[in-house]
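What follows is a pair of complexes built around subunit A, which joins subunit B in one and subunit C in the other.
What follows is the complex of A and B.
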């Protein structure tokens, strides 16, 4: 099961968990979506040759522009960047793989299947046609023709995509904080790895907010809640008011995600530009420290600028002023980074290789795009640019400038990944055609900026500019044919590239063969001497005992120690590979197996052989695809869709259990830099990262409830709630959950004391209390559903009855789902305890406890909000 | 007769001297365009110059400079002072531009200084629905697809939507605002010259989005009030009488 078939075998690619393979998969799949999204663009650019509705038709046009945006932003550009991240980050930091290899594979397969689900949506009537920004209430079924199943599939596909991203964030963060080579402080990482680190930090929080928006929207589609519906039909309540907050709620949720998203898209490109400028100018990045600080500032500031997408929504002047200030504030670090790159060329030895041409080109395009962004930051101007091609031109200049740098990265790392050199002449031709096509496509949009977005007719005098754009689009598209040809042919006939084809490249990936061996490094990489070197086993053992000798293992920071060594300090992580495995065994359950990356095998059963293969990520994703496809149509009551959902659900659950059962050995490095998480084990760090995302998810749900309620009228809200909705069931549930948190702690203590019956009893009590919670809730809900004879609610207070019921059932329902998942894990752990697990190793129970306590704490917020206030 | 005489001496609700949103925008846009082009040209030219001037010519022109070595721990390449100078200059330019536009933002948000002009503004309620616009005047009269307004008077639009998220804007008159169901937004303009102007929808709202236009007709004041007083469900207001008495503008 852990043996990896050779690269020539198809089976390998379904089983592999190796980061390099997964990187290749991401790159190829992303290029497929580039073509898909690009063809859609060509379709509507042809439509735009004349200002009238031609072959696409009104609905077809809206679908084309919407899906073009969604595919490019989500399924092409970030996954393309993460193809590089997957391949290079472990190499650059000196690790053998990512922290959780199977999770990594799972991220990829979820990404692929989410894209396939998106593709299927075209065949379900119409696909989503409300713009990639999916504004409410246009995004609700009320405004979609027919059954609108395609739109629901798109929303579900996005949810699946976000799941992939979240797992990826957890993985990369844990990896980068736990698996760096000795002597490699965070600030010493290559610029590309630093950019990926900041990207995943932003992803962790931003995508959680999007997930909330999408889950709520999916609920509006499938279950019939009314968060985003403005007009509430069949009102059974006195005020007969509509949902005033619907549109603004979506706008806030979406743009809170949407703005960090554009930096999530751009940062990897910035990282690649940093690498390429250093390598091809032969000069170290000027002001590197400030460059990194600027990136950190942008990452932080990205979360406080979102309302600049909402300047015309009627928010008050003070808020507009604040966001104008923060928006201009965020442009300043970019100024510094642009100058840093330019100055790196001075006194350099600039070589105009294809990667450098693309990086330099990206910089020029980004400068143009950035300047036009300052225009948009001046609110008075933004008022007129809103909804016009100025915005379209601006964001294509900056975003596709990012893509430009990514293509440069493809040329840069192609020799490393394939071992062959691409054809340099063809590469330069590609760049020339690309650059001409790019500017021919996007520059006329500035001139024709008065054209409203997403329309197919425009003032006749602008026809020439739109036609130039169309020509440019085809030129740009054609340039990719040159690239595909080059990449393909060079793979078979290119010159041997060697380890390090680029002079002045410095990072660790260039120290190994092209392509690198499966385990990446011969020996253990270390920068302790100030220089990259590879330690053999004896030296590693020596360093281990040195660290052990320093005693307590408390965090000792040795900044710039002897001999130029710079260590992050942290605890003396000297667990051997064996104990590393032991630390992870036991907690191999449906959900947390995903976070633990270990199976059920005891360390003694291993021969120390690292695992690289697992079929479960593929199967879980396949099941998820079928499940979500089924969910897209359950609203219609169709047998076909319901069966799909059932089958998909079973396959997914079964595969999760399969993955939990599987023996999988993914050891941590023996010596590593771990600042600032030296004292936090790998699994724990993974769990905490995941919980951070979950906290934002619940925060967004609670915020959504508060927002909707404020918009409606905080006190008037009570009219929407039947008198039968009393506090008591909520209070009982609070006691049950609090008690269950306590019993989990008891289980942990019992495990520490190696008391099998203690653990079983405590887990059993936790399970019983949790079931009690669910039964109590069930009784409450059924009672509310069946409130007959009530004047205000003749048909009961069901999920779809009104705004208050929508928010109540969905929010507490999301919480209940978390409880159910927790109980599944408790049951699994009880079974494992019976088999002898956790004795003396309470850590897995501790990690579960963290999750369970979060679920508990969330309830402590929900209870007052939904039962008392 | 007496009333008219008295009224004749009241100040006219004349917004002819008011700085229109259109002129505000045009001025700022031109300045930004000029400065932005200048900055863009300079920076791009400087970049290309450096790329060319420091191109690799086989020999290392600066052998004393330390070049990146394989496996080294990264350090910066020096030159921090120049970096901060450039950064400082660009920050000053950007911040000054924004501070300058802030005062005009206040103007656009609050409207003309003249109290008289503001008080005598004609408030029109605008509602967008898929896929057209309805305009409701103070006297209750409603018009779909055409908004007729008098020249040189401040028109205040109170905008909302009846269904989905729309946006109404006029490229020539330079007003624009979102039309959101459940929310009300406001914008204003003054029509300096008579004529027909187009207003479009600037937020994707469904399959008819491309067709969701309206016409703004700016007509001479006496012509407007002649039409206006004849319509509507309420008696003519003081404004219109005063305007009529003061004669056309």
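What follows is the complex of A and C.
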């Protein structure tokens, strides 16, 4: 752990783990990608001035369009929203920081380096050119010109980005369920924090499905599996396979992620609109409860509408009808939200500040975007509109409407983040130019809707509309010059904003100075009395003892039964109910206390000072960047790329060990609102949240296998598998893995009993069993690779042989990778046990066990599916 | 009953169930009645998974909200698989 340098020092920005610093980093980096993606858009808008590829050329146009989409959707909008989330959610919920500050820094650096990897792809011949939806088999190397290294880099950059997102989701969920100020129920959170909570829930599950899709695509790119291989004859990628499901598999996986992604992008914007409408009308959201319920409903429904993106594929009419109904259905809660915002304006008194103008603009644009989307949700209309500029116009009216609200958020919180007021006049000018540019850019696309999407060619009579669009694009782009000028000059010369520049702003970030101090609050925030107050140490200790009193029953009656309980009796009751519901009573309290001290699974030698700095997140991400860059070119056999992969791997691994070794103190609040995870300490909740996403990852892998096999013919599938692929090795591995789960449990029991040799023996056995598992798998794989005598598989049954071999090797390979990661952790824990760790503190072993047992559970399904059935 | 004893019993059951799954194939049930064998084998896998989750991951003793969290992930994956498969029936 190192000290955090001042903000003026460059070093600070590489070291910081503070949520506000990281929020600023996210905002600035996202704005960089806005410019990046925006310039690409201007380039192809120039190309579209005439219906011919006379500026960028065919490939250049495809690259610009594809990368514009990917950069804007992944590297700009969501990270921009998460800049605000990073900065504001801890403040709004009354926490000092996020639950895992170093993981938060790691999320940011992975995000930045994934974007840099994307940037490097432009210099690897051609970058990704196959559309932002990355449809496969179109985007597998067999169907791409040249070496397609740039495309592989982009796929890998996305994998890195998803890693950042997953860590972020785990972090935000753990924070919001473990660190809310006393008395702050979930439903009482400010509307922006509620929107972020729902966003991260969607992210947790949706991005895991995308990760599965990307890993499969990357594997088709790098390893040569044939998940998406379609035309088999004469292909070097696969033989003897007939993969009817190939193109649909990608569409299902991608859109299963892709539709929730729309709301992942839009929800934070909705939260900001809610905040701005409340603040600048001076009125609570009309029907706030229903607004929140609508958002919850949309978050759930978002997972059952994805096939409306596939109405023109070969899916059957029944499923189209069902998904048309769910799609129309999801517009209903949105109607409620829109009316809530409109009525809030009517009931309140509007103050037309810049943030409000952007929020109102976002609402208007979203209404248009939403309604035109309902057209696309109707199967018959979609037959006409699919693949045209109607779709392009619609989703820009939705997505960029979201971005509009985010820019409003930037103005809204600028005074809080900088302590300076922006120039209101320039802000309004920005809005006016932005709004005109936006509509001039996108509205003509509705009129010229017959333009085919994704190609540079269009009917000549539509030229005038495209020229208007291009003019609009430049107006929209230019409006940002006003914003950047305003923000830059105001930072140095703006008026002092004060703590609360907006008269009717009520959430907790306005109760602290602008910008807020490093650890946010002077006292401990509490809402137990019905409004925000800050408790001093004595009051916190009092409430804690009250809580322990209720938790442990009679033991502390003398302590808890004083007048203190009476004064805040309501709180004490809440606490009691909470711990009771958690089923933990006294144990839950004791566990929580323990987790505060040991939950980081790190040496606890700290002096009580909260840590704010670590270089490891940066180094891990740097290593990951080099590793992935190397992987993008290993299939060429180039020494350069192989060396990069090796060096990157070593740096990543070394930095991970460095981070594990680093003492870092990030305590949980002593008193907090924790429903519904009151009895689940921070690390355990974080682990379970991560495992939930891992369940989706493996589920999507197994689902992909099932889908391809189902498409091929479930029982006919056997013809793709050699006789030599028998049950026995799988059974042996099942025994080994089950036994290793058992020994991990024994290690936990031994640690409870403070038996060092017991822990060492159990962990040693786990390690040996895991190694046995891998050796057995290795022997089996080598045997299958070399079935040269086999009549059916004269070349052996290799990774590229057919669909069955591809799914077998990749799915069990992903599982084996999980085993290897687990074994590295086991080895690390064994070394620490030798040094005396875990005695009487079995928690870290328990957390590891949760992971290991999940790996075991996954195998319990892989075994029958890949060995017996 | 001590926890160690409980864990050992669970291990025993898991071991036996895995063996039974392999035996279903050995006795030739897959050839004679594939879907019955399929059902038996998958049900055994589900029971095994529930045992590991319930006892080794101690979900039995955790607040229900943790099980809902993991179950949510499972539900998402099953919805994807089932609907995708149904779409090409």
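Here, the second predicted complex is superposed on the first by the 803 of 869 C-alpha atoms of A that agree within 3 Å, B and C clash if a C-alpha of one lies under 4 Å from a C-alpha of the other, contacts with A are read in each partner's own complex, and residues count from 1 in each chain.
Operating definition for what follows: a contact is a pair of C-beta atoms (placed from the backbone, for glycine too) under 8 Å apart; a residue touches a chain by one contact, two chains touch by 3 or more.
Please read all numbers here as calculations on a predicted model, not as lab measurements.
In the overlay built on the shared chain, the residue A:711 is in contact with subunit B and with subunit C.
Contact with both subunit B and subunit C is seen for A:314 once the two complexes are overlaid on the shared chain.
Of the two partner chains placed around the shared chain by superposition, subunit B is the only one that A:345 touches, whereas subunit C remains out of contact. When both complexes are overlaid on chain A, the residue A:364 reaches subunit B alone and has no touch with subunit C.
Touch criterion not met for A:760: it reaches neither subunit B nor subunit C. Set against each other, subunit B and subunit C differ in how many residues of subunit A they touch, and the higher count belongs to B. In the superposition on chain A, contact is made by A:303 with subunit C only, not with subunit B. In the overlay built on the shared chain, the residue A:245 is in contact with subunit B and with subunit C. Contacts of A:868 after superposition: subunit C is touched, whereas subunit B is not reached. Shared contact residues of subunit A with subunit B and subunit C: 245, 248, 314, 711.
Those residues of subunit B lying in contact with subunit A across their complex are 24-25, 28-29, 32, 36, 39-40, 43-44, 46-48, 50-51, 54-56, 60-62, 65-80, 82-84, 86-87, 90-91, 94-95, 97-98, 101-102, 104-106, 108-109, 163-165, 167, 169, 171, 174, 176-178, 180-186, 200-211.
For subunit A in complex with subunit C, the touching residues are 205, 208-209, 245, 248-249, 252-253, 256, 303-304, 307, 310, 314-316, 318-319, 581-584, 676-680, 685, 688-689, 691-696, 698-700, 702-703, 706-707, 710-711, 715, 727-728, 731, 734-735, 738-739, 741-742, 744-746, 749, 849-850, 853-854, 856-857, 860-861, 863-864, 868-869. Those residues of subunit C whose C-beta lies close enough to touch subunit A in the complex are 3-4, 7-8, 11, 14-15, 18-19, 21-22, 24-26, 30, 34, 37-38, 41-42, 45, 48-49, 52-53, 56-57, 61-63, 65-66, 69-70, 72-74, 76-81, 83-89. Those residues of subunit A that touch subunit B in the complex are listed here as 53, 58-59, 61-62, 65-66, 129-131, 135-138, 143, 183-184, 188, 190-191, 230-231, 242-248, 278-279, 281-290, 312-314, 317, 320-321, 324-325, 328, 331-332, 335-336, 338-340, 342-352, 360, 363-364, 367-368, 371-372, 374-375, 377-381, 383-384, 386-388, 450, 452-457, 500, 504-506, 508, 510-511, 527, 530-533, 566, 711.
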